[in-house]
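Single-structure report; data block below.
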Amino acid sequence: MISVGIIGSSGYTGKKLISFLAHHPGVQVLKLYSYSTSGQDLYHLFPEFQGVFPNLPVGALSNLDESLDVYFTALPHGESIKVIPGLIEKGKVVIDLSGDFRLDEPAQYDQWYHFTHSAPHLLSQKVYGLADYHRTSYTGKKLISNPGCYPTVTLLSVLPLAEAFADDILTVATVAYSGTSGAGKSPNADLLLSEMDGNSRAYNLHQHRHEPEILQELQKAGMFAPFSFAVHLLPAAVGMYATTSIFTRKALDPAEVTAAFETFCQNQPFIRFRKQIPQIKWVTGSNFCDLSVSVRGNSILVTGAIDNLVKGASGQAVQNMNSYFGFHPAAGLLPSEGNHVSFHS
Amino acid sequence: MISVGIIGSSGYTGKKLISFLAHHPGVQVLKLYSYSTSGQDLYHLFPEFQGVFPNLPVGALSNLDESLDVYFTALPHGESIKVIPGLIEKGKVVIDLSGDFRLDEPAQYDQWYHFTHSAPHLLSQKVYGLADYHRTSYTGKKLISNPGCYPTVTLLSVLPLAEAFADDILTVATVAYSGTSGAGKSPNADLLLSEMDGNSRAYNLHQHRHEPEILQELQKAGMFAPFSFAVHLLPAAVGMYATTSIFTRKALDPAEVTAAFETFCQNQPFIRFRKQIPQIKWVTGSNFCDLSVSVRGNSILVTGAIDNLVKGASGQAVQNMNSYFGFHPAAGLLPSEGNHVSFHS
Amino acid sequence: MISVGIIGSSGYTGKKLISFLAHHPGVQVLKLYSYSTSGQDLYHLFPEFQGVFPNLPVGALSNLDESLDVYFTALPHGESIKVIPGLIEKGKVVIDLSGDFRLDEPAQYDQWYHFTHSAPHLLSQKVYGLADYHRTSYTGKKLISNPGCYPTVTLLSVLPLAEAFADDILTVATVAYSGTSGAGKSPNADLLLSEMDGNSRAYNLHQHRHEPEILQELQKAGMFAPFSFAVHLLPAAVGMYATTSIFTRKALDPAEVTAAFETFCQNQPFIRFRKQIPQIKWVTGSNFCDLSVSVRGNSILVTGAIDNLVKGASGQAVQNMNSYFGFHPAAGLLPSEGNHVSFHS
Amino acid sequence: MISVGIIGSSGYTGKKLISFLAHHPGVQVLKLYSYSTSGQDLYHLFPEFQGVFPNLPVGALSNLDESLDVYFTALPHGESIKVIPGLIEKGKVVIDLSGDFRLDEPAQYDQWYHFTHSAPHLLSQKVYGLADYHRTSYTGKKLISNPGCYPTVTLLSVLPLAEAFADDILTVATVAYSGTSGAGKSPNADLLLSEMDGNSRAYNLHQHRHEPEILQELQKAGMFAPFSFAVHLLPAAVGMYATTSIFTRKALDPAEVTAAFETFCQNQPFIRFRKQIPQIKWVTGSNFCDLSVSVRGNSILVTGAIDNLVKGASGQAVQNMNSYFGFHPAAGLLPSEGNHVSFHS
């Protein structure tokens, strides 16, 4: 049993973290901290939690209890980096949901995040916590950098091919659509329901911070083909859909492509590789990534669906915690954990 | 041909006013003014108007051309009142879309709007511009106070009964739902698509400013039965639905109730009294109010649907202008005006 | 530990029943039956359940295992009645989610459901399973008739007043809005997203089958004031909002009204009586009914929100099962049941 | 002035055709025909048109008036082909909104549409009516095959590059999302709001009939690079967004790419080539195609937005009629046509 602090409790990812951790079988103590809402309590922040979880106070970051085992930082980019180095120095485990430690090269922060990284030594000491990737290893790590939402679904879509067919791949283009909750809960006239209902649009073309993150991990896996990335908003609160169009130098055997995905996904309880084309509604509220692939000649289309706040953020963060501390990978994440129903029929 | 100014061009009602006036057959000159967006132009404010209407500059209110014939004020409550008295003194016609002049009694502004009215003489000089009401008369008026969105659909639902059966009515309760655009385009975390998609909620129960406005007009029509009013947000950008539950002291004859509505609606081109229950989609984007009534014993249910931004605001304002200046009532409001198609069959 | 059968597994309420029962701590055996989808399995019917619950076959009703302890019938109106009498005769417990047994008087089935009831003796032997109502008693009952969605939220809104102030109530009018899932999953052009997105409409005015059900239960509680009922569709998949406008013969003391609700709701873990006005999103996916009340003079406005498929159907059905068999009332319904987290702070 | 018949009046594209043609300044006679709704009238089919347009009867196809000048066929695939050859033989102009004549090669109908084309001579006699393409010529044609919705936005996105840089293009992948109205108004459980609200999914990967149509037109323009195509449903009724990811053999100069688009779009009143990234809401209800392009190294991203029912179907069909008969290209399509407002400022 461990003790857990959530720093940044009042946003959408903070809320999801609470929902998974407040009934987690391995969590004994849960404490909430926030810049903007300290002094309030859980029921005030999230009236839907009344009667579901015990009420909890929201503390100020200046009064952080530094004796806990693990801290989740669910702060905006540029804020996590102010808090994390001190916690790491005290020997704490930190799971960071921001982008502050996802890139390996300090210089990329100047280019993509427009700030000079103040803790570059931690960039190489962290683990990039793509929880469903067989190469992700927590050994010797204190800082887990939780992947971005778009990188999560994109990497799980492309890595199976990168591992099996890197040399055959000619070009890779991912087009992804996200629910608006990915932009957080701050007031923003462009994200009013009045503006976004029935609407859709691309944004940050050739300029999105998740692009170097994806490229970094694909290259680690040996794939150096040209990659492009275009992200869009859906007229929906949650969910993310990524469609990756890949051209290969020669026609690949569909059965071999399927086999590559099956190999990649085996023993990964939260990837569902399907014959059917995924739908967002199948993953809404869950920690699953649903994938499918279609091959015709030298064209491969990979479709992937996740909940941007769960698998794309808080669910994956809890899954990282589970793996790190040796809990069941689905602890806190699946209702059936601990279920003793027998299903005779 | 008249010249028109829109003061407050950048919000949702300003946009709708532009869309009706920029191709209005009686409007020769159209000028736009705004506090917040002066110096910009129409295509920047509303990219959807590019190629539809000529581009127009947006002027500062400090440079208002005071030589125009009529001014629409589409400003927040409390702002219109700063501009209108000066225009009225100069002999201009003003159509005000705010609530600053809707109530007749100055004291009600203290109670419901929380300010002391600075131009109380105009309250009695204005016409309450319920455009589809046979008693509305513009004679001798310079100031037209355009009704609120909820009052428009509620009054058109209840006045037919108030005129015909005032003494028989025991209680009247209106429950209305509005699209989120009624709250305007200001950033507001509670109205993000992330918050409102799939959501609905009542607000301002027993405290909404449209309640005294409705009561005032019902009482002028001779109806003094108890009235209650509950408003809600729909998970939709536009549209408004009002359901009014009326109990009568005795069972009314359904045919007589229907006849009362037919009498009320005759010669009103923008009320469609229907046998079918109205739907919001039938009125979206249009200046119509669709109404129907169901009678069973001493229970009457009236349902009404409008577009909150058109019949509930800008469309009705243009209709008021049309009536005031003697244009065809549908000028600028219906695509078929001026249509010469013959429909043989 | 009990064994459970769900008859009618493939619709929205069947799906919700599965989600609550497949990890229910008191359920040892779960079997699924369907007319339309027998021969398929759970993962085919609901791909979102893959990896969450074990797969289960869907059996034909003709092969019903009659040795189970309790059966949920989630069939269309007129279909449950064909199955239930046989099960009751065999001494089984049945929780029926259809309307086939909700009304007490056989003649009302002719009037409202347009069929002659073939098992009228069961109408008086059943319990009307309003699970959060202190008067609901299962003693000696085998058949639990699960309330309709609209009646659930309407009764929980009005019964507190009916119990405390029946003689003071002059008129009661409920206006409710439901997500489209209440109409089920059958193909229906009027409920396409293309038709309902951004739309809303009333339906079945003065003709909805839930009206006599509500009236029956209010009259049992001693309230005989005139009641009217108007239902609408929301442009949302799930959720239900009911606003009840009540006029009283004299002004009631707000504190006394509040006290009546508090008395009614005490010891009811799934009613949250709030000072804040409820929102649908607070109850989406949960078994809660959120209520609030506003009093001004002789006007009372009660607002209530539920998930139409959970509290309005399957969640309440499971809650009825819990109460019947002596399980914790929240068993299977709250993630925190069985949670051992301690929340020091 | 011409006389017009619409064959297939009751669907979404029929409705849009009526809305553009019923007030078209060049249309003197408009007649409606339908298989499924003959005997009804316009107001019954579309209650929103009451008071907007005169009522019109809906005739049976067996009573088709064969003396009209032009016929729009808005029938399902496989139905248009039964009607059109007879009309062409009588010398009539036909604008077909189905896919029955879009492809040039008869054999492709066997492969993609699964029927043997019964009028292959018309395939080569038709014009592919991409209305905003400078190479589209109606001279000597009687049959105009109106492009599919996806091909319209995809071709307008890619043809500017195909014309200017065909040899430099390495791969082209279009990922498009459509509102559900593209699937028509037939009952379909998968397209219920209950299923699609908050949902999104790809469909027909590597199997969509619009793919050979796009490829055919790109190849005519000289572009033979590999092309892939993936289509999806948006949780919205109308609108279409296409994102095309192009890799070039060498880095292209952004200014040259922009110039290619500007050249392509000049004198095309319904293409708006923008610096800003398009949004669906800017084109909803309009006949515009909004485009933008982003270039970085050898990656080009083109984004395009249309209303799938207007520019993607009925609006483009009317535009084709306008061009064919020499009307103003925007006749019936823009409210400002015929507007005499002068915009002094």
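Which chain is which? They are A, B, C and D, in the order written, and residues in each are numbered from 1.
Basically, a contact is a pair of C-beta atoms (placed from the backbone, for glycine too) under 8 Å apart; a residue touches a chain by one contact, two chains touch by 3 or more.
These figures come from a predicted structure and were not determined experimentally.
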Problem - Greatest separation from subunit A - chain, by CA centre - result: B
Practice task
Sort out for me whether A-C or C-D is joined by the greater number of C-beta contact pairs.
Solution key: A-C
Exercise for the section: Please report how many Å separate the Cα centroid of subunit C from that of subunit D, as a whole number. Expected result: 46
Exercise for the section: Return the distance between the CA-based centres of subunit A and subunit D, expressed in whole Å. Expected result: 39
Handout entry: Distance between chain centroids, defined by C-alpha means - subunit A, subunit C (Å)
Key = 36
Problem - Residue numbers of subunit D (touch at least two other chains) - result: 179, 195, 197-198, 235-238, 279, 281
Handout entry: Contacting residues of subunit A [partner subunit C, same complex]
Key = 19, 22-25, 27-31, 47-48, 50-54, 56-57, 59, 197-198, 269-270, 272, 274, 276, 279, 281-283, 285-286, 288, 290, 334-336, 338-345
Fill in the blank from the handout: The residues of subunit B that touch subunit A in their complex are 12, 179-181, 183, 185-189, 191-198, 235-238
Handout entry: Residue ranges of subunit B touching subunit C (in the complex, touch as defined)
Key = 170-171, 173, 175, 177, 179, 195, 197-203, 205-206, 226, 228, 230, 232, 234-239, 241, 243, 245, 247, 277-281, 284, 294-296, 298-299, 301, 303, 305
